[in-house]
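Following this line, the structures themselves.
In the two complexes below, chain A is the common chain; its partner is chain B in one and chain C in the other.
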Partner chain A sequence: MSRAVNTASQTDRTYSRLLKRETQKKLWAYVFILPQTIMFMAFVAYPIVMSYVYSMYEWNGIGPRENFVGLKYYGELMSDHIFWNAYKNSFLFMLTTVVTQLPAALLLALVLNSPKLRLKVLYRTTYFLPVVTSSAVVAAVMRYIFGQRNGVFNEALMMLNLIEKPVPWLSSMDYALFTIALISSWKWLGIKLVYFLAGLQSIPNEVYEAAMIDGANRRQTLWYITIPLIMPVGAVILMLSVVDGLHAFDLVKVMTDGGPGIATQTVDLYIYTTAFAGIPSIGYASAAGIFFGLSIFAVSLLLGWIVKTANAKGGK
Partner chain B sequence: MNSRITRLSTHALLILFGIIWIFPFVWMLSSSFKSNREYLGGGLDLIPDAIQWSNYKRAWEVANFSTYFNNSIVLTVAVVAIVVVTSALCGYALGRVNFKGRTLFLFIITSTIFIPKGYTIIPIYMLIKQLGLLNSMPGVILAEAGGAQILFILLFTAHFKGMPGELEESAEIDGAGFLRTFFRIMLPLSTPIIATTILMQFMWTWNSFLTPLIFTLNTPDLRTLSVGMFSFIGQYQSDYTGLTAAASIALLPVMIVFIALQRYFVEGIAGAVKG
Partner chain C sequence: MKKKRLALASLLAASMLLPACSSGSGEEPVNNAGKEEAVKTTKLTMWIRTWDNLPYFQEAVDSFNKANPDINVEIVSFNPDQYNPAMQAAVNGGELPDLFQPFDQMNMYQLKENNLIQPLPVDEAFTKQFDEGTWWEGVTSIDGQPYGFPDSSFKDPRIILYYNKKLMKDAGLDPEAPPKTWNELYAQAKTIQEHTEGKSFGLAQPMKADWFNNVLSQLLATSVSYDNTFVLNGERFFFNFKDGSLFDKDALVESNAFIKRFIDDELMLPDYLLMDPPTAAAQFGEGNAAFTMTGYWFLRTFLNDYPDLDFGVAALPAKSNPVVAGTWGGSPNPFYLSSKTENKEAVKKLLDHFTKEYYPLLVKNQQNLSPIASVNNDANLNISPQFKDYIKLVNDTVRLQPSPLVRNSAEAQVMTDIRSQPIKESLGKMIQQYMSSDSYDLAKAFDQYGKMTQEQFEAALNKVEGSSKDNWKFANWNISEDYSMKKYEELK
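Let's turn to the complex of A and B:
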């Protein structure tokens, strides 16, 4: 009898100890997420909300924010030619990088993914190298390489008899934006390569074995197995590239600072200039930022929809 | 025979393009050892006549790259430390404890990736200003560390979630509390994730441009290498070899770290897109 009571109270004690331990654990969990929560609230959530709020005030960033103007700045943006020039430039820049970078990265990934290829790591390291470098510093070096006079690129092209006289890569209205976009493609190709390689490696080997047993040759395997299976990863990479390509800043700022004239001014550069150079107009810059953010959001939704319907069709 | 030709030509092409690919860096390094006169007349010749260390001396001392280098180190170390600590703690709580609000927390932080943001650096600037940290290194550090750690939080969460429950239980039976279990058992088993976080954040912060640019517009002494490079262009436009030496100072450390640890870089980035 006494023994049974004893055991019962022991279980009771163990149970309450466990309960106490659980409560303590939960308390500690809150302590553990606290630093991150503070950082998140202060540097992610608050700035997102405030960039919407700022866009409705006439404000130079100094003194109190009193002059509420509603959606006035959004209206002004619609007829701001300089903004639309930047808008067009950002999309041109993005299109140039996506069109040049993704096919090249996929092709290179397919080559580097072949199981028998040697020196794989060396090649991957080589093509990835520009990714780890600072855009601003690279841009400073590229200013010289693509300079009109004494530029190594022009000299090399002339030596190969591809051009007769130096081309003004960065000082011509027609070439500058594309030159920087191609440099951006070079800079970031390595990361897309690694994304594609990760996607290719996630295709199970059995699929290839099955194709081999069915007598598929290499080209058939590529077209009917590898490419369709890499498409979902490809869609994610495309989405990332579009968003990254629309946020061109570092390279442009250092290489041409938007010039010649405003020929290479992107939206990010336009907003930076509006907010931090001369007499700052925080409200107007914020409105431009919100409008561009919404545009990118719309583009992503559209792309997502296209990919989804294409997949649904392909699936049947 | 045929396949051998294919293989050899594949290598030939990969090597040829590889050389073109890294040519800008080779050219930068070569120019940094030339004299300005040789640079202007040298064309494509990559071997300098005589090694000119004076370019490095000029970049380091006159163009202030010693200060920029130190600033880059201080900023990067501080930001990496903040990011590793906060995301490891947060990921542990999310991965191992089923506390109230856990799902909501995860939902909120991941949904901010998708909602349309404005130009958030402006409110961050105003916030740092209100905190009285403008024109100071702590201000730059906070602005730089505050941003997107969502990726690392998710990596740590998935990692800690996947650890066997027996580990925790046996530690508890041995009398270890929550903190002890975390620091003595769980954290030491997370070195791969910690290494990935350190490497990726190191690369991002070392190369970051916009944030340090905005926060050091009026304080040249706080500039990092990237921003210093930008002011170099404005000040010493025609010191070609000085600039390439300065660029080498800024780029070589990261390139060496990358080449030595490239596997972890690549795995981290591949893991980020898969996860």
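Let's turn to the complex of A and C:
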């Protein structure tokens, strides 16, 4: 009897010790995530919540917020043709970058993933260089390359007899936005290339070996093995590219500052101008930011669904 | 032991969250030349947004610090784009520097009402040294009390014409007879471009910056008609003080049509819409264009950075009347004194030092004019013929305009209110679209802009207690004459 009691009490002690250890473990976990949580609350959650508050005040960023205007700025935004122009430009910019960048990145990744290719590291580094180069530097250099006078791009086209006289690629209301979008595609191509390479390298070699034994040629291998298996990764890359493409700011700011006129003004630049040029209108800029943020959220949800579907298909 | 470790980890985590913030007490101990004991030193901080004048302030501050070991003045300079947000944060955080320049969110009256600034510790003998118009209500003084130390003269023509004498001479033109009218500028630009077979263009204009397009077209518009003209004060004020009307588009449209003629006839250096003022100045400096209409501040750039450039300066060409650069008095970017600054004697010493050291440096380096006439006229300052021409040009074209603030300080809030309205589309952007397209209707766009600003003006007048449109009407105003204090008296 006493033996049984002793055993029970020993089990209790062991359990209690384990519980204590478990609790301490959890406590340590909380201690370690505390800084990150506080940072997140201070620099992510708080600004997001406050931007909702700001959007309901006429406020220049200084002093107390006294002039409550409710949803007035949202109403004004709906009839602001400059905002809608920026909105349209942001989506056009995103579409151009996604349509040009993703196929190019995939093609390059396929080539660079080839086991027969020599100097792979050199090529990968070369394609990645623009990613690590400052946007301001890229923009400044591109302004000269695509310049109307003595611009390398125009000179090359003229030498090839493709154009008769220089084209104002960055000064024309018709071409400027697409030119910057193409430059942006080139600049960020390297990072998408790395993502695709990672995706390609995660496909097991056995699958290719089995296909070879079954007599599949290169085209069939690409179409029936590589593409379906890379779809889940591709969907994530698509989502990242869309969100990145909708936040065009640095290249536009340095190259054209939204001009000529408002031809290259994107929503990010519109918000910046409203919030910081002249006397700031923080409320109006916040309303524009929230509306655009919600739009991106909706697009992300749609793409999330695509990712889920692609994953389901890729898993089959 | 474990508890200790946990406490240590918490402390570590907390310390990571604390930014390395430290606040200067205003007085801090420093070692005095080899002595062991520390001496109390007054520290003054100046925040500067005007990069152009920065080197001369720095030189003057260095000599001041050397001559006054018990005072340490520190300059913090900002990119103009960063200045407003920095001031915004400083006001919100209650950490204003001792001396600071204006920022967009608050006018001088608001700064005073919020007890953020105090009068300058100077006497009448000090203020009397300055040109008439320097102590200007709402800019550098309030109710006759000086509040803002002038960073330079208010006499600012903003944009002037630069011409390349060598290119003119080579093309058979008289290099001492720069174009005075729009037609002359066009004809001379064409002659030079044809003579150089397109190697040098007729005109180089920066059109990337909104504000630049606004200012240039406003200045040129003054030469279309003195009856429908504008006073320059930021982007959104285009005022006819005779009848209190806010905006007239016709003269502006005409002045832009004049510029577009150069584009249409390919006399304009390409990439004008991508060029900001420094880039266009560099093109002119390299001899790629015969003429450029750009900021007066590039005069020093051309003198220092392009020693081989044979150039001259002149007033902007006119359509019929000479161009007038209307201005208010005061100073472009005066320094206000924080209400928290206690050691006024140190500030007084510093301002005295600036009048004796900083202003001559400004003129000697051909950067800008001093607000004290005797400094500008000092024959001992070895200045270039171009800068001498510039001083004459300033005297010929810059004219003081009436200020509603002299009648009623409440009008300052009207101005702030108008400027705080969200900008839907700036005039500069409209001008860019006009320059890059053949189908853009500039007159229609300006019309809409005019209606919008008129509505904002009326709304601000209704909103601000004590303001009145009558304060904005000056029946005896003539833009080509200085509007002195006597003129205000005449209206009474």
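Keep in mind that, in the parts below, the second predicted complex is superposed on the first by the 268 of 316 C-alpha atoms of A that agree within 3 Å, B and C clash if a C-alpha of one lies under 4 Å from a C-alpha of the other, contacts with A are read in each partner's own complex, and residues count from 1 in each chain.
The rule is simple: a contact is a pair of C-beta atoms (placed from the backbone, for glycine too) under 8 Å apart; a residue touches a chain by one contact, two chains touch by 3 or more.
This one's a predicted model, so the numbers in the text were calculated from it and none came from an experiment.
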- prompt: Given the superposition on chain A, are chain B and chain C in a clash or a fit?
  reply: clash
- request: Answer with first, second, both or neither: which of chain B and chain C does A:Gln24 touch in the superposed model?
  value: both
- prompt: Of the two partner chains, chain B (first) and chain C (second), which one does A:Pro64 touch, if any: first, second, both, or neither?
  reply: neither
- prompt: In the superposed arrangement, which partner chain does A:Phe276 touch: chain B (first), chain C (second), both, or neither?
  reply: both
- request: Using the superposition on chain A described above, determine whether A:Arg143 touches chain B (first), chain C (second), both, or neither.
  value: both
- prompt: Looking at the overlay, what does A:Gly215 touch: chain B (first), chain C (second), both, or neither?
  reply: neither
- request: Scan A:Pro35 for contacts with chain B and chain C and give back first, second, both or neither.
  value: both
- prompt: With the two structures laid over each other on chain A, which partner does A:Pro115 touch: chain B (first), chain C (second), both, or neither?
  reply: neither
- line: Winner on chain A touched-residue count between chain B and chain C: chain B
Task: Could you tell me if A:Phe128 is touching chain B, chain C, both of them or neither one (first, second, both, neither)?
output: first
- prompt: chain C has the stretches 40-48, 58-66, 76-84 or 184-192; which one runs into chain B?
  reply: 76-84
- prompt: Where on chain A do the contacts from chain B and from chain C line up?
  reply: 24, 28, 32, 35, 39, 61, 143, 276
Statement: chain A partner, complex, touching residues on chain C are 2, 6, 9-10, 13, 16-17, 81, 84-85, 88, 91-92, 104-106, 114, 208-209, 234-235, 269-274, 416, 419-425, 429-430, 432-433, 435-437, 440
- prompt: Can you list the residues on chain A that touch chain B in the complex?
  reply: 21, 24-26, 28-30, 32-33, 35-37, 39-40, 42-48, 50-52, 54-55, 61, 111, 116-119, 121, 123-130, 132-138, 140-145, 150, 152, 155-156, 159, 186, 191, 194-195, 197-199, 202, 233, 236-237, 240, 249-250, 253-254, 271-272, 275-276, 282, 285-286, 288-290, 293-294, 296-297
Message: If we count contacts the way the header does, which residues on chain B are in touch with chain A in the complex?
response: 7, 10-11, 14, 18, 21-22, 24-25, 27-28, 31, 40, 43-44, 85-87, 89-90, 92-94, 96-97, 99-100, 102, 105, 108-109, 112, 114-127, 142-143, 145-149, 153, 172, 177-179, 203, 206-207, 209-210, 213-214, 217, 225-227, 229-230, 232-233, 240, 243-244, 247, 250-251, 254-255, 258-259, 262-263, 265-266, 269-271, 273-274
- line: Residue set of chain A touching chain C in the complex reads 24, 27-28, 31-32, 34-35, 38-39, 60-63, 76, 80-82, 143, 147-149, 166, 168, 170-173, 255-263, 273-274, 276-281, 284
